[in-house]
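You will see chain A twice below: alongside chain B first, and alongside chain C after that.
And then the complex of A and B:
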């Protein structure tokens, strides 16, 4: 089965599909090759449940509230910048919270423009046209920052690189309300709220305005929409077919070899898997020794587990109305608690008090509680460990919903190891590479690889390990496609 | 006290930065008074005799960062300052081995190869990066930080300088620099090295004095803070001030008095006197008042404004920002008089590296766990220490044949946890003793006979350091060295140029840019700003050619 395309995309995750759509729309013949039988990669129902950003066209979303559960029963109901107790009583820190939240969202808006294009860089110098364009883009950001006004600009520059712990607790006493923001700041990340850089990751997540959206039809529908978009634009999507090798001829990409023995020719290959895997596919010898060393040392320690609990009935949470149970439920009782839950993960141990994000997926049949548990170890998931972790999550929920344990009929736990095996995400990391300050923007995934171009001419990264990184946005894919078009390789 | 007590400038606090400012101002012809609450000068750069015959550098204990431009400007060697470099250091393991750091490159390569052959070249890469970063940052130490929100000519010039320096790096190097500045020391070392012991040895410099762990982003920069000094031009070298760290303060004090300055000790500033938004002088604890149109505070920003300035004299948002400023006590110290040199059974007899900095933390995970304890308000059950025996090199520190040992301990909280409550009050005598025992237990990993050699030990918790020196929470840098508190953000955005909202009042301690360490840069930079305001264009610590 030999064929020729302009571009091959490895992996039909949402980013690979977004890249394919963007390229196909510009008249390129594109083939997306996916080793599993379904499109979507990590954007599937078993793995993900919520969006922090607009969904692709064709998917209906519903914005939902957040309830941050309190061990003392004083649960906090949060909708964007508004906070009150679930009982309806006003929250004493609501005003402080709102001021902080609005400020973060405003600052996050500035970062948004950075995310929607390749990362800023001045490699071309200021004399070339491309260089000037870069400069003007940076200048635009500068103007945006200046426009905040002197006081706000100073605050922006102060908090940009700081940590969530101090930011939150400077404004309000610790509890479930700041705890919720702290949990949002570190979800999917190998860091605790005391780590500098967590304010940036929080703002990154808020850059689309801060809403939390439940996609109708689940994350599978979102993945489907991405695939549909790619197909409609004319791209071909082939599932159940892995790439065994990226063919490099004369320092240029020539195509890929497939798991069924076939070969596809192309002058550009976009890879949505991680940098190291991509290097292995193309052959380590094709890369600069320094680049290999950097890829090997990339920080991508998965630390997030997914637990799908099939329930025999609708659970009742103490103090929550039936409608409130359908909100995004957080177990993040305090900022200090979120930090504490991270401590054991650093040494490969399980958290004693896991931080949870839960959504009850409604439907007519049996309901499922979809749980994201942060700060779990990446590896060494023995059967015992799996069981004890599942039990500790259920027990944690039981504290807020007496009788919950007896409702659980089936537990489907996906550890970072499982996620890595399922999707090929490096280390099972949500964002393919840690979204640390040192692995963002011009240094994402690392120095010298930031502009999607990946060593060999015609080879590009288009997954979450590339700028702007994780979450189901499709932005890395679109940006990568833009770079391919700008380079004129396909 | 009458009108005759008028000065051109008053410096509150005789720390090394206050004295540096004082020296520069006095040399420019100003009539300067330094007031100090303690009966001695030096702040945290002191030599104290707390046990007959021994001299303790009981706060700061080694010297490297003191800017040579300042040493040269103020002729400090003429006033008795002598810095003796020490070589090497080691980290000892529980199983009787050690990693020795040699300043001789070949010896170091052999030692690294003994532990992990792959790390030999890694070390060269590592030190190249660190030296490159040091070269990049050093020129900024003796300049004021630009205010990026300002259009003033000075700020624009400084900003341009920053951009030019950054641009001069080239895009790749610039990316590397950004990365280095935002990384954790743990990640940085993991990226270079394989061997845990080697990593642990190198990581200490990234956390000393901070409320951060080895895996907290930003600690790679803190490492720089400990590497960017020099002794006689040898970058990254450390040394002892002969006679203890007080020798630095003494040289500065003598230099100041030689220039006609006056120092009053024994009574500190109780209140900064402000009239119509302008500083007019200071009132001391003992009731004395002194007047001057310029007053510089060597105290940290919190102490200066929250305890000794009337809140009504300050804009509200400034006060809020000062309250928010993070000064976290994270380190303790043991100063020990020894009857004889302790045994180091793991090391070859008389090994050179025993005269350097000694440690016993074997892995990054161990260091990170030490930090986890501190976060919860406990001292580290398995602490990191930086231990030196300066009397091996400087015989003035102890009687003949005896020795003086300084042990810097990370981490110890300011507010100690007891029964779920964190408070400085919990540092009782028993708690201090228990803390010291924990440290001695750890030292026994290096010197099993240490306890039998102890003649006297001074135990210093963050609270003691605060009480004696006046550093809030006993933080050795007068404020955390995190991004939100560096450069134009230090100490408060908009006030990075040593001036304060009160006209004529300046901040000259290490709460100001470029921060802590016995560097004297904040003091010199502040003096430059003050003299510039006065229209006296004296060159202050100009960049070395």
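And then the complex of A and C:
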């Protein structure tokens, strides 16, 4: 007799755990199966360091400043819409920056309601109550856009689909200040500020108001809170156990086979990994040819590496106070520089001048500089290549913090390949699938999958490749769980 | 040029216009009508002599048609059956090696992409013959399966030998072993020569498949036996008449292959085309199954039906009315059938017409009487059986009919 649950969740990432919690709270028996030994998926200290949205309950966060480093030493201190030089002097473009920033946050707020709930869908038509409810959500966006006033509405529609490069440099001269926004617009993405749709991805990043938060106890604490929430709701979380196969019988999910040879029965399976990995687990023959093609063609080219540098002491950055060193440090000296760093990635090469986001971890023990480096190739990471990339990152930091290199005691580089192996994220992509115009809202991850459902009854997607996508919000998981409940399959 | 650019004149000449099949020179020699058409990029005869002669040869003697322009794809490998079974609507597990199966395949919404014949040479070896180019679709369908898909359109050629004396011609040409073939059987009679008892006429007939460069030889071998059996070479116009009599549907005529239709809602499901018996819901998943399952419960939107039409004027493209008032569909293929002595047609009717509702249907036929148009409303009756049926089509062994 196999163990039976109402729902099995593949992967104990924050989204899988959020889905498990939502389902367990509604009285479903839930088992979360995680192949690695730790919960949290990409929400772990080795991989992530900051939150851009409210943390789960029980986790304290602290909003921190951003410092965009300047090769000339004119570093810019940014907090939400305010910008000045780290020396305290006013920044000549502060007013233009503030206007632009506030506008983007206001526009992002309009998209916010679409971004958190499941994507709007009119598949039921407008003759049913559910269909009308969907229509009203779209109407709300329409009303919101209308309320902006004629001039602002025009501006919203004008910039919505454009690229960050043009938007930023229309408003101010190039430098570390617009560079910071450009870097934020493309972080985790296989795109440069000149790529179309990067204004939308920037708005997406700012949709919670644009604050940058450091969770107390690190990302591990965030993951712990998600796991705790799931367990408290009654879900079972089993680590160190992979799912080798999703069992499908008569076009319905029947359960999963586990890496230890065991089997769990369930009428619903939620998968935190990508659509293609999920299809492979259930068997390609169970899906329509077009659905497989779309999953195959999903743009999920990992382009972001994580480098954890353990330091023998606290680094000193020229021109930064001890407090400012604890800010989010960006190496994005110009919008053009961010675009240039993307160029080699198109050909599978390393960026010559990598764009970096760095956070010095809290605490009294040995400090670690957590670095996210953009625009790296997805594959072909030889030992040589790893070493030379690590060296080039350290060298880049050295330029702003003389003597930094000698502080580095240990370097832990996680390439997209490593991230994929560790977490199951498709291609090791930061957001599981590129946050492009064609892969957002009703077309995320692909056409026909916006309702988190696969063709096989009872099979759902609950990871970041589903709407609303990346970031540690748990929203894809919760939305997926809501769909499971609405469909009444478990 | 040294700078890596390419001069247009250095590029090998690409053939422009229609391409000749291996037997074109033979056809050109015997053609008195000189009516040529474009069949998948090849020069193909529409009529060689007169359509009437050719039609009657199909029904009374035997005929030879070059079917080499047909698209042909070889699918081999351990997963060939699984992969194709996921693509087509019928259950291929029931099609044994040495058999041919007529099949349809659909998109994810259950709309027919194309129909064709699947030849099963061996457990893991199939060939799909169809009208539309299907290489890209097959590659998509094959993704994730251990199979190899090869486009044999230009390397495998075929002749269709059809008609009551077709077996006698085969026997005279030394291919009498084909006598044991039952309809839809397939056998390798000689190295490089496969013979199947298949065709598009609803009558006794065979298709012979050889490598491209062997076609001329095969043509000559059969052509040499033509005299006592009254064999004629034919064009596709006559073939179109007999396939309507047999009740076979033609892509782009009776239905629009959904991948080539650009307008919404032009696709039709196998159920709507009258082929629900070839949709095997119990075989596991296949492309479009979920959509078709839904339609099985809600019912079709259209019904493609066979019609017996009053009068004798072919009703091609005629509109169909209910109670002479309400337009409910149109004729997709219509001819005067010389064999059935009836005015016959295939027509698409909006459901429930052609399904539950079949009475009081009328066709509006336009007749051009030397410059003056006349409009006639003639009664139509829905037929369930093909217009042409003859036991000789199924008799095994076949006789010299």
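Going forward, the second predicted complex is superposed on the first by the 489 of 490 C-alpha atoms of A that agree within 3 Å, B and C clash if a C-alpha of one lies under 4 Å from a C-alpha of the other, contacts with A are read in each partner's own complex, and residues count from 1 in each chain.
Everything that follows uses one rule, which is that contacts are C-beta pairs under 8 Å (C-beta built on N, C-alpha and C of every residue); 3 or more make two chains touch, one makes a residue touch a chain.
Small disclaimer: the values here were computed from a predicted structure and weren't measured.
**Q** Does chain A have more residues touched by chain B or by chain C?
**A** After superposition, B is the partner touching more of chain A.
**Q** Between chain B (first) and chain C (second), which does A:138 come into contact with in this model arrangement: first, second, both, or neither?
**A** Neither partner.
**Q** If we overlay the two complexes on their shared chain A, which of chain B and chain C does A:117 touch? Say first, second, both or neither.
**A** In the superposition, A:117 contacts neither chain B nor chain C.
**Q** Please indicate which partner A:288 is in contact with in the superposed arrangement: first for chain B, second for chain C, both, or neither.
**A** The second partner, chain C, only.
**Q** Which holds for A:196: it touches chain B only (first), chain C only (second), both, or neither?
**A** A:196 contacts chain B only, not chain C.
**Q** Across the two complexes, what residues of chain A are contacted by chain B and by chain C?
**A** 448
**Q** Looking at the complex, which residues from chain A come into contact with chain C?
**A** Residues in contact with chain C: 251, 280, 284-293, 296, 448, 455-456.
**Q** In the complex, go through chain C and note every residue touching chain A.
**A** 82-83, 86-87, 107-108, 137, 140-141, 143-145, 284-285, 287-290
**Q** Along chain A, where are the residues that touch chain B in the complex?
**A** 121-123, 146, 150-151, 153-155, 157-163, 166, 170, 194-197, 294, 297, 299, 339-340, 343, 346-347, 436-438, 442-443, 446-448, 450
**Q** Which residues of chain B touch chain A in the complex?
**A** Residues 148-149, 171-172, 175-176, 178-180, 182-184, 187, 190-191, 212, 215-218, 317, 324, 326, 365, 368-369, 372, 375-376, 482-484, 488-489, 493-494.
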